[in-house]
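Can you keep this structure in mind? I'll have questions shortly.
Going by the order they are written in, the chains are A, B, C, D and E; count residues from 1 in each one.
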Amino acid sequence: MGANVVHLALFKETEIDHAAEAIARLRELGVSDHDISVISGIPYSERILGRPMTWTTIGRIGLAGAVVGFLVAIFLSFGTPLLYPIRVAAMPFQPIPTSIVVIFELTMLGLLISTFIGVFVETISPSFGPRGYHPKISDGHIGILFSSPAQVEESIHATLQALGAEIVHNVEEERLWP
Amino acid sequence: MRVKKSWWQSGGIRIAAAFVFLILFGGAASGIYLSQIPPEQPIAFPHKTHVALGAQCAYCHPAADWGPNAGLPSLSKCWGCHQQVQKKSPELEKLAGYVQRNEPIPWVPVAIQPDFVKFNHQPHVRAGIACETCHGPVSQMTVALPQPRQNMGWCLDCHQRMRPNDFVRLSDCATCHY
Amino acid sequence: MAEERPAKWGLVVDLDRCTGCNACIVACALENNVPFVGEDEVAYGRALYWIRTQRYWEGEYPEVTPTFQPVMCQQCGNAPCEPVCPVYASVHSEEEQINLAVYNRCVGTRYCANNCPYFARVFNWFDYELPEPMRSYLNPDVTVRRRGVMEKCTFCVQRIVRGRQKARAEGRELRDGEVQPACVQACPAEALVFGDLSDPESRVSQLARSQRRYHLLEALGTLPRVTYLKGVGNHGG
Amino acid sequence: MAVEAKPLETAVPLPHAEEDPREHLMFDPRPREVMNRMVMEAMTTTSRRYWAWVIGLALVVLVCLLGAWGNMILTGMGLAGIRRPVFWGLFIVTFVFWIGISHAGTFVSAILRVFKAEFRRPFTRAAELMTTFALAAGALYPLIHLGRVWVFYWLIPYPNARWLWPNFRSPLVWDFLAITTYLLSSTIYLYLPLVPDLAMARDRTTGWRHALYRLLALGWRGTEAEWHRLRRAITIFAFAIIPVMFSVHTIVSWDFAVGVVAGWHSTIFGPYFIIGAILSGVAAVVSILFVLRSTMLHMDYFIRKEHFDALGKLLLVFSMAWAYFFFNDYLLTWYGGEEAARRILTLHATGPAAWVWYLMLICNVVIPWLTLWNRTIRRTPWAMFIITLLINVGMYAERYTIIPLTLGHQRMPFDWGVYTPRPTEISIVIGTFALFLLLYLLASRLIPLVPVWEVQEGQMAHTLRKVGKAEVPSVTELE
Amino acid sequence: MSEKISRRDFLKLTAMGAATTAVMTGCGPMSRYVVRRPYTQMPEYNQTGESTYYASTCRECPAGCGIIVRTREGRALTIEGNPNHPVNRGRLCARGLTAQQGLYNPDRIRAPRFQGRSNPATPGRDLTWDEAVQVVATALQKPPQRIAFLLGLAPDHLYDLVSELTQALGAPPPLRYNALAALEGRTTLIEAVRRLFGSPALPYFDLAQAEVTLAFGADFLQSWLSPVTYTRAYGAMRQGNPRRRGELIVFEPRQSLTAGNADRWVPIVPGSEAHVVLALGQRVAELRGLPVPEAFRAVRPEEAAQVSGLPLEQLETLAQTFATATRPLALVGGSALTQPNGLVTAQAVLALNALVGNLGQPGGVFLSAAAATPTPLAEVKALVERMQAGEVDVLFIHGVNPLFEVPAALGFEAALARVPLVINFAAFPDETALKSDYLFPDHSPLESFGYQRSLAGSDRPAWSALQPVVVPLYDTRATVDVLLAAAQASGQALLPYRDEVDFIQQKILPLINAGGFYTAPEILTFWSRWLQHGGWWTPAAGLPTPTLERLPASFGTLTPPTPPAEGAFYLLTYANHLGDGSGANRPWLQELPDAMTTVTWNSWVEIHPRTAEELGLKDDDVVRITTPYGSVEASVYRYPAIRPDTLAIPFGQGHTALGRWAEGRGCNPAQVLPAGHNAAGDLAFIGTTATLTPTGRRRPLARVESKEGVYGEH
C-alpha cells in the first residue's frame, strides 16, 4: 500500500448531506471503510454519516478502575484496622456504615480516574486508518480522509468535487502531540 | 512547520528544576545522614575494650535495671578503675583532666528518643531483653553508634513478636505517649 | 508476677464537700505543664484549664448561693471526641479505659473539641514560652505541647503508668489510692476520689454507688467515668 | 342564585408570545469560524484594566492569603478569632461556602446535560471552571485550619513506619477522600469537553500558546473514534459525578451532623446542605456570567437574557427548596428537639448575632421570592447579578449561623462564648476570594471559555419550523 | 555545716538540660543537642529520670502547711502536700501549689545590691556578700533604741533569731505585720482569747466534728488562719460525720467563698456582728435554760435586729438552731473583727461557745499552740510615728511589703523616706524594696532552712521544718546567716550560733524529749529525721482546753454602725487566693479564676446588681471608689451576693512593682483603707464608707464564666 496517498476532502458544515453522500460514493469507488476516516469539528453520529460503529474500551477500563477502587477501599476500611487495632469510643474496629462512605468514594474515584486514563490511553495508542489533519476542521468543516490507490485518484476527486468538496492532496501526517 | 522547542525543554528551566530537586533531596539526605552518624564525643570511649575486659553493661549503666534512664557512670566510677591502671592514651589523659577539674564529662547522648516518647528501661531489662537488641553490637564499637530506624513501627513490631498476648497493653498509646 | 486485670479508672466528685476553692486547677496545671496565657487570652476564652469549676448562681438575694461544679474530661466510655479524629490522636486506651490525647499525633483539626459536650478539651493557640528559668519546673514526665495541639485532662496518665510500672517491678498489684491525679492529691476538702471502678471494693467504687450519684449530661450516652455526688440542701450543684 | 356572566376580555397576546425566537442563541446561529474567532478574540484580548486586576489580585493573594497564612503557621492558630468553645470559625464557614459554590459546575453541566437542558450549552465551561477553582480555594481550608499543617500528610492513607493509618471512622477522612475525588473528577470533567476547543485554539495560535494548546489538546483531530470516546467518557462522567457531588456536600454536612453538638445533630443536614450548595452555586454562576458578559468581548452573543431567565427560574425553585429544608429542620427542633438545641434556635433569632440569622432569611428567601417570579427582573442581568450576590451573602450567613453561632452556645452555659473573627482569618478569607478570581481571570484568557463545539452542535440541532403562520422552535436529536 | 554543703553539692552538678529538652518536644533529634551531664559524685539516692522528694514547709502564707517537693535532676517540679503533716494532711491550696513559680520567677533579685534611694547622684551597684555583711554589722552598731526590725509572719525561725538579737542588742523587739493577718483580725482574736481564757493564743475550732456552725466573718475556706485545715475539716463536717451532715451558717455583708458554701448566708450590716452575737447569746442561754450572762445583756434583741437589719424571727430561728444542736460551734474572724466592735465580737463569740459548753469538746474550741503572734496595726503605727519623728536610724525589713500591705493612710511611705538606712531582705523587687537602701535578698523558701512553729491549723503541738530542695539559683543568702555573720562581724558576742542550721538545731533541741512521734539519741540523727519528716509533732492529737474562769461583766463598749450617707456605700476588702498580695507575681495564681467571680488577672469592684442598675452601671464600667483616705479605680463586677449598700474590692492586686506579672494590674485597696484600729489594736476598716463615681471608661474583666450563659445577658 506504499503507493496509497492520503487525501482529505473538506465539506462545509452546512453540507453534511453532501459529506454523507461522498462517503457512500467513496465506498462505491472501492475505497473501503477501513481506508476512510471522518474528522469533524462537532460530533456526528455514525448513523448520520452512514459509517460503521466505532468501538471503545473506555467503559471497561472505567469498570476495572471502579473494581480497583472498591478493593482499595475494602483494604483501607477493613484491613488497616486489623494491622494496628486502635479503639475509638465504643465503635467496632470495622464498622460497616462508615466503611460504606469510604467504599463509595474510592469506587467512584477509581471509576472516574480510570475513565480518564482510558481516554488518554486510547488517544495515545496507535490508530489505524488514514492520518492527517487540516485546521479548517476546527472551523466546522467535515473532513473525509481517505487513502486510495493513485490510479483511482482522478475519478474520486472528480466525484467529490462535484459534491462541493475541497480536496487537499497528499495530506502529510502532522505531529499534533509530542 | 518546525516544531518549536517547548518551554519545559529550555535550559534555564531545567537547571532551575534540577537545583530545586537537589536542594530538597540533599536536605532530606543530609538530615537523615546527620541523624545516623555518631556524634562527636568528648572522650572516644572504647566500649569494645571494656566489654572485652569483661565489664557488664550494668556495671556502668546500672540504673537500667531500676529506672527509666540507664544513666551514665559518674567520674568517680571511671576513676575508681582508671587511677589504678596506666594512663598512657590521650583519651585517658582527658579523663584525668576532668577528674582534676571535678567537672562532669559532657557526653552527647546517642540512643535517644523524641521527648514525646516516654521510654523506660526497667520493664525491658526485667523482661530479659538484651541491651544489644536495641543498642546494637556495642561490644564491637568504640563510641556508641546510633542504631538506624528506631521508630514506632520498630517498637510495635518487637512488642508484637515478643508478647503477642500482651499486645493490647503494649500497643496502647499511653504506654509511650503522654 | 501478679496477673493484671484491666482497670477502669474513675473519679468521684463529691459536690457536698467541694468548696470551689480551685486548688485542683493549679495542681493540675503545674503537674501537667499547662501553660498560663495572660489576661487578654483568658478574657477571650483561651485559658488552658484542664479542669475548671463551673460556678452558677441559684436563687435571688438574699437567698442567693453559688453552685460549684468542677468539670474535667469525663473520660467517657463512649467518647464523642474519639471517632471524629482523623489521625487517631484522640483514642481510647484499652488498658486504662480512659481517653487519651496523643499530643504528638495531633494535627489540630479541633474536631474533638467541638464534639466534646463537656468542653473538656483545650487548644494550644500559640507556643507559650516560659521565661528563663521558669522552664525548670516543667514536669519531664509530661510532654510540653507545642502550638496547634489539642490537650485535655488525662487522669494524670503519667502517674498511672509510673505506678503500674512500679507495681509490676515489685511484683504486686496497684493498691487502691496508690495512684492519684494531681487534682485529687491536692483537693483540700477531699471532694475528689480516684480509683479503679472495676474493683467493687475500691473507695471510688463505693462512692460511685452512692444514692447522690449522677453523671454530667447523662442522656447523651457518653458513659462518663466521672461520677458526681449531688450536694445536699441548697449546697452544691 | 343567578350567575352573572361576564363577557370575556379580548384575548391580548402575552408579551412573550411575540418574542422573537432568534433571541435565543440556539436560533441565532453563526458560522463556526465566526464563533471560533469570537471566542479566540475574547480569549486573547486583554486590556490594561485586566492586567491591573490580575496584578492587584495576585498581590492580594500574596499578602492576604499566603502572607497571613504563613504568619499564622509560624505564630499559631490563635491569630484567628477561634476560641473555646467555638473551635471552628470563618475557615470552616468559608470552606463550606466554597464547597457549596463548587456544586455549580457539576450541577449545570452534569445534571442539565443528563436532562438535556439546552440552555446550558454556552456556559457549561464557565460553570465547570467555577467548580474547579472553588474547590481549589475551598480545599485550602482544611489545610489552613489545621493547627499543625506541616503534618497534614498524616491524613493520607499510606503505609508508614509508624504503623498508623488514618481513622476511616472520622468524617474528616471521608471529607478528605470526597474532596479529593471531587476535585480530581471535576477537573477531568472540565478538561474532557475542553479538548476539541483546545484543538481549535491550537489551530489558531502560535508561540507559547500554540505549544500549550498542542500539549493539552492531546493530538485531537476530531475523528469519529475520538468523538465517540469523548462522548462515552462524558456520559460516564456526567452520570458518575452527580452522586459524587451529592456525596461531597453530604459528607461536609456530616462533619457537623455526626457529632453530638446540639443544633448539628440532624438527619436532614445532608439534603439541606446540598440544596443550599446548589442554590449558592447556581447563584454564583449567574454572578460570574454577568461579569463575563459585561467584561469580555463577544460574550453578549453567547450569554443572553434567556440564560439569566432560565437560571433565575432555577434559583427560585432552589430558594423554595432551601426554605423547605430550613423550615423542616427548624420545626422539628423547635417541636421535639432537645432543650439545648431549642435554646440555640432562640439564640439565633434573638441573640446578639440575630442579624446574621435575619440576613440569611432575607437574602435566601425574601429577596428571591419577591423578585425572581418577575420575568422582567429575571431578564435584567444587573438585577440578577445583585440578587445572586445577595443569595450568596445569605448562604454565607447560613453557614455562619450553623457553625460559630451554634458552637458558642452548647449545653454548658458556663462555657458559652462569642466568636469574633480577627484580621488574620478575614484576610485569609479575602485571600481565597482573590485566589478564586485570579485563577478565573487567568483561565478566562487561557482556555476557550465557551464550548464552541457544543454551541455549534446545539445550533445545528435547533431549527425554526414554520407551522401554520408561526415559526416554532424545533429540536432535532442528533446524538 | 559540712553536711549542708555536701548535700548542696549533690544537687548542683546535675543535668539542667532536661528542662530544655521538655520544651523541644516534637523536634525529635533536636534533643541530641541538649547536653546531659552525669553527676560527678552521684548520690546513691538520686538518679536521673527518677524523682527525689524533700519534705518542707509552705511559706506562701503563715499557715505552715507541710509540703513535699518533687525534684528531679536538681529541679523543683511540683509541690505536693505532706500526707503526715498535722496541718494539711497531704492537701494543699492554690497558693502553696504555685511556690515553684516563686522559686523560678525571672524577676527575683539575684544578688545583694545597693540602690541610690531617691538620690540620682549615687547610682545603684551590686555588692558582694562580704560588703553586705559589713553594712549590716555597721547598722547593728547604731544606738539600739534607734534600730527597728519589721518582719512578716513567716518564717518563725527568723523571728526567733531576731527576737534574740534585739534582746541582746537592747533594741525594741521585732514587729511582725502581714496584710492577711490584718484582714482576718488575728490580733483581735488572740486578744479576745487572752481576755477570756487568760493566755494569748489563737483558738483552734474543731469544725470537722461540729454539727451546727455559725461563722461570723471568718472566710476559713479561702484565707482565714489555715484554710487547708479548715477546708479539710469542712469536707469532713459535710460528709465525714456518720451521725449528721453538718450545717453551716455564715454572717457576712458580702458572700465570701465560705458563705457561698454555707447552708445559710446572713447578709448582716457591716459592724453589727457584735449586736447579733450578743442577742443570739441571750436567746441561746435562755433556750438552754442557763442564766444569761451579764455581758450578753448589753444589747436588746430588738436593737440588734434593728442595727443588723435581720428580722427578729430570723434571729430567733438562728438561736434555736444553735441552741438545740448537739455540737454547736461559733467561729469568728475577718470582717467581724476588723472593725471598732471587733474585740467585743470576738469575746462574745468565744463566750457563746463557752455558753453551749463546747470548750475542749469534740466539735468545739481549743487553744492552738500558735504562740508567735502578729503585731497589731497600732504598733506599726507607733513605729511609723517614730520613723516620722526621726527616731529610727536603721530599719530592717524582711518578709513584708509595708508600702503595699499597710493602709496608705498610715503614712508609711513618707516615714520610710525619713529613715536614713533601710535594709531590705526581700527576694523580689517589691514596692518597699524599691524604696530601700540595700537589698540583701534572702533565699526563696524552697532554697531555705527554717521552721514554722506557729501552726494555727494543727490539732496537736507541732513544728514544721523547712529545708532547701534545690541549690540556690542566685547569689542570695539566708537572712539568718547574714544577721549571724553581721553579729559576729560587729565584734560583740551577741548570739551563740555558728550559722542558720546550728541555730535551728539548737532551737529544736528541746523537741528531742518532748514526746514527738520520733526521737533520736543526739541532735544529728534527730535533725535528719526532722528533715525527713518535714517537722516534728506528737503522735496523738491534743490541744489545751481553754478554761473560762468567769465572764467579764462587759466585753467592751459597743458602737452601732452608722449607715452610709446618701450615695455612699460600706466598703469592704477581703483576701482571695492572692492572699496578702505577695503571690501576685505567680502567673498561675493570676490565671486562676477567683472562686466566686471567676475573674482572673485583675481587680474588680463588687456591686449588687440592683445598686448597679440604680446607678446606671454595667459590668466592666470603670468606677472610682473614693474614701476620705484616697481613691482607686476598678471595673464593676455585678455581684449578686453582696448587700446592696456595700462595695467590695479584693486585696492583692494593684502592685506598682513586684515583677512582670504583678505590676500594673488592678488596684490596691490599701490605698483607701483607714489607719484606724480597734480595741485590740487591729486594723478596723469595716464601717468605712466610700463614694462611687463612674469614669465613663470600660475595661473588660477577664472572667472565665460566660456572662451570657450564667447571667443571661448579652
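Quick note on the criterion: contacts are C-beta pairs under 8 Å (C-beta built on N, C-alpha and C of every residue); 3 or more make two chains touch, one makes a residue touch a chain.
Just so it is clear, the structure is predicted and the values come from calculations on it, not from any experiment.
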Inset, instruction - Please state, in steps, how far chain E lies from chain A along the shortest route of touching chains. - result: 2
Legend entry - Remotest chain, chain C as reference, centres from CA atoms: A
Legend entry - Label of the chain whose CA centroid is most distant from the centroid of chain E: A
Legend entry - Central chain (distance from its CA mean to the mean of all protein CA atoms): C
Inset, instruction - Identify the chain pair with more contacting C-beta pairs: D-E or C-D. - result: C-D
Legend entry - Whole-Å gap separating chain A and chain C, where each centre is the average of the chain's CA atoms: 64
Inset, instruction - Would you mind pulling out the distance in Å between where the CA atoms of chain B average out and where those of chain E do? - result: 52
Inset, instruction - Could you please state the distance in Å, as a whole number, between where the Cα atoms of chain A are centred and where those of chain B are centred? - result: 59
Legend entry - Centre-to-centre distance between chain E and chain C (centres being mean Cα positions), rounded to whole Å: 30
Inset, instruction - Please list all residues of chain C that touch 2 or more other chains. - result: 47, 54-56, 80, 83, 85, 88, 91, 93-94, 103-105, 143-144, 146
Legend entry - Per-residue overlap in chain A, given as positions that touch at least 2 other chains: 84, 86, 88, 91, 178
Inset, instruction - List, in ascending order, every residue of chain B touching at least 2 other chains. - result: 6, 114-116, 156, 173
Legend entry - Residues on chain E engaged by chain D in the complex (per definition of touch): 705-706, 708-710, 714
Inset, instruction - Could you pull out which chain E residues touch chain B in their complex? - result: 13, 21-22, 24-29, 31-32, 35-42, 47-50
Inset, instruction - Provide the residue numbers of chain A that touch chain C in the complex, in ascending order. - result: 86-91
Legend entry - Contacting residues of chain B [partner chain C, same complex]: 66, 114-118, 120, 122-123, 126, 168-169, 172-175, 177-178
Legend entry - Interface residues, chain C side, partner chain B - complex: 4, 88, 91, 93-96, 98, 100, 102-105, 141-144, 154, 157-158, 160-161, 165, 168-169
